[in-house]
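Just dropping this structure here.
By written order: A, B, C and D. Residues from 1 in each chain.
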Amino acid sequence: MRVNPEDYGIPAEYQHWEGDRAEDHNGPFFFRCHDNGVHTLFRVQGHNCNGHGGLHGGIMMLFADFTLCIAGTRGDQDDSVITVTCNNEFVGPASDGDLIEGHGEVVRRGGSLIFTRCTLSTGDQTILTASAVLKRLRN
Amino acid sequence: MRVNPEDYGIPAEYQHWEGDRAEDHNGPFFFRCHDNGVHTLFRVQGHNCNGHGGLHGGIMMLFADFTLCIAGTRGDQDDSVITVTCNNEFVGPASDGDLIEGHGEVVRRGGSLIFTRCTLSTGDQTILTASAVLKRLRN
Amino acid sequence: MRVNPEDYGIPAEYQHWEGDRAEDHNGPFFFRCHDNGVHTLFRVQGHNCNGHGGLHGGIMMLFADFTLCIAGTRGDQDDSVITVTCNNEFVGPASDGDLIEGHGEVVRRGGSLIFTRCTLSTGDQTILTASAVLKRLRN
Amino acid sequence: MRVNPEDYGIPAEYQHWEGDRAEDHNGPFFFRCHDNGVHTLFRVQGHNCNGHGGLHGGIMMLFADFTLCIAGTRGDQDDSVITVTCNNEFVGPASDGDLIEGHGEVVRRGGSLIFTRCTLSTGDQTILTASAVLKRLRN
């Protein structure tokens, strides 16, 4: 699947991670790595919303997990991690049509475990804080 | 939408929570309340899977959130809660076609906050432990 | 140091874990392993209390960590684990003089990581739920 | 009790929070508020150490809880919060004699709940990341 970020109002320099059906079924999700971590983007659609008409907390966690894992692999498709723990605080709401931005960083990269954190926001409002421990898979 | 649990190999006495588009887009998810909590069920499909071909951790968290919130509302469609925190440990994997079972319980129901816990499993293997604090919305 | 559980109103069959100065400085803490996990006990003293006169949440977390690690090692002084993550929900209060009971269990014992959970209670009131991932140290 | 930070090699402009016996029994702990959060300091002593001779994880959580609550109250002795949840990742170790530094920030201050995060470090090494939801007590 060739996914075009501009179809979702997202700048063309953002990349799409290939091959994750669950993420594509809810997203697509986009990312861009920089020196200190990763910046991710996602446009909320109606099928991401809960019974209150807002972005579902579970979809926030799905996008947080994407952000944390991309931070852990630095967006390298040949690298591979699994999530061991993921803790989330739901700081505020988001709505259909909103652009959700994630900022992920690695706190420490150990031999087998990687400690990561992220925040999700829309506009200038933080909506989620999350932290994860990832385990590196040996290829 | 009338959703039939038997279409997913799930017993007819399980209920479907109406009106959550994000859950229906990934599920559907089913539940049955009992005296000490809630039992939930979900059949993994291909669009729930990650790049390794297993159930995506984010979808596990989405289903855990469903399980924890149904425990908090006791499945009452007139009751309403939002998730404040959700912590998850990824204990084991699950695969396309697996039946995922959730067991949710309320640890304490306070005036404004509800403390809940759940486990997800498939067969006799636990795949996720989670805990959440929910906030009651006044109707 | 020879520590006598009966000095703290705790049955004589409970054991003391030897050699942890931080735990002895705040406890002492006692444990008893059984087939499905561990039962721990601790008597609250004035120096465990916060400015509101109740058991300090940080001391609850210290005792939860003890309970989770004893569950992970099954109380074997020759075994050794470190805590990787510890998540805590503060469900209710406790007071000076209360007997705090912990119930810890292993959810899954992997090759390098152990998943554990516990609850702390006093009388019939749960005061804390916690979960941890532990890492086994090779001796 | 009049506590002098310089007795612990801590600059004189740091303040001591009065009236918490559990913290003084393990600390004392010191803090200094600034525009974007709080900076806290604590000198590790032998009675803070575990059986491996390092700073006990439970004492790290106690000091994280102090840091998170001071961030929530901005160090105002007339303000009061309780911790609802506290999640912790143990990123690295610390030793007897080390100076532990905490950096706490408020992510969002709501009407009844406050979302906070902190990191603990020694030298240039992060040793713990933590996040908490606090509940404001009405005076």
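To be clear about the criterion, a contact is a pair of C-beta atoms (placed from the backbone, for glycine too) under 8 Å apart; a residue touches a chain by one contact, two chains touch by 3 or more.
Because the structure is a prediction, the values reported are computed rather than measured.
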item	value
B-C against C-D, pair bridged by the larger set of C-beta contacts	C-D
Geometric centre distance via CA averages, chain D-chain B, whole Å	35
Averaged-CA centre spacing for the pair chain C and chain B, given as whole angstrom	30
Intercentroid distance (Cα basis), chain D paired with chain C, Å	21
Sites on chain D at which at least two other chains make contact	84-85, 87, 89, 133
Touch-based graph of the chains, sorted into line, ring, star, complete or other	complete
Partner chain A, residues of chain C touching it in the complex	84-85, 87, 112-113, 133, 135
Footprint of chain D on chain A - complex, ascending	85, 87, 89, 91-92, 107-108, 115, 117, 119, 126, 129, 131, 133
Residue ranges of chain C touching chain D (in the complex, touch as defined)	17, 19-23, 25-26, 46-52, 56-59, 61-66, 80, 82-90
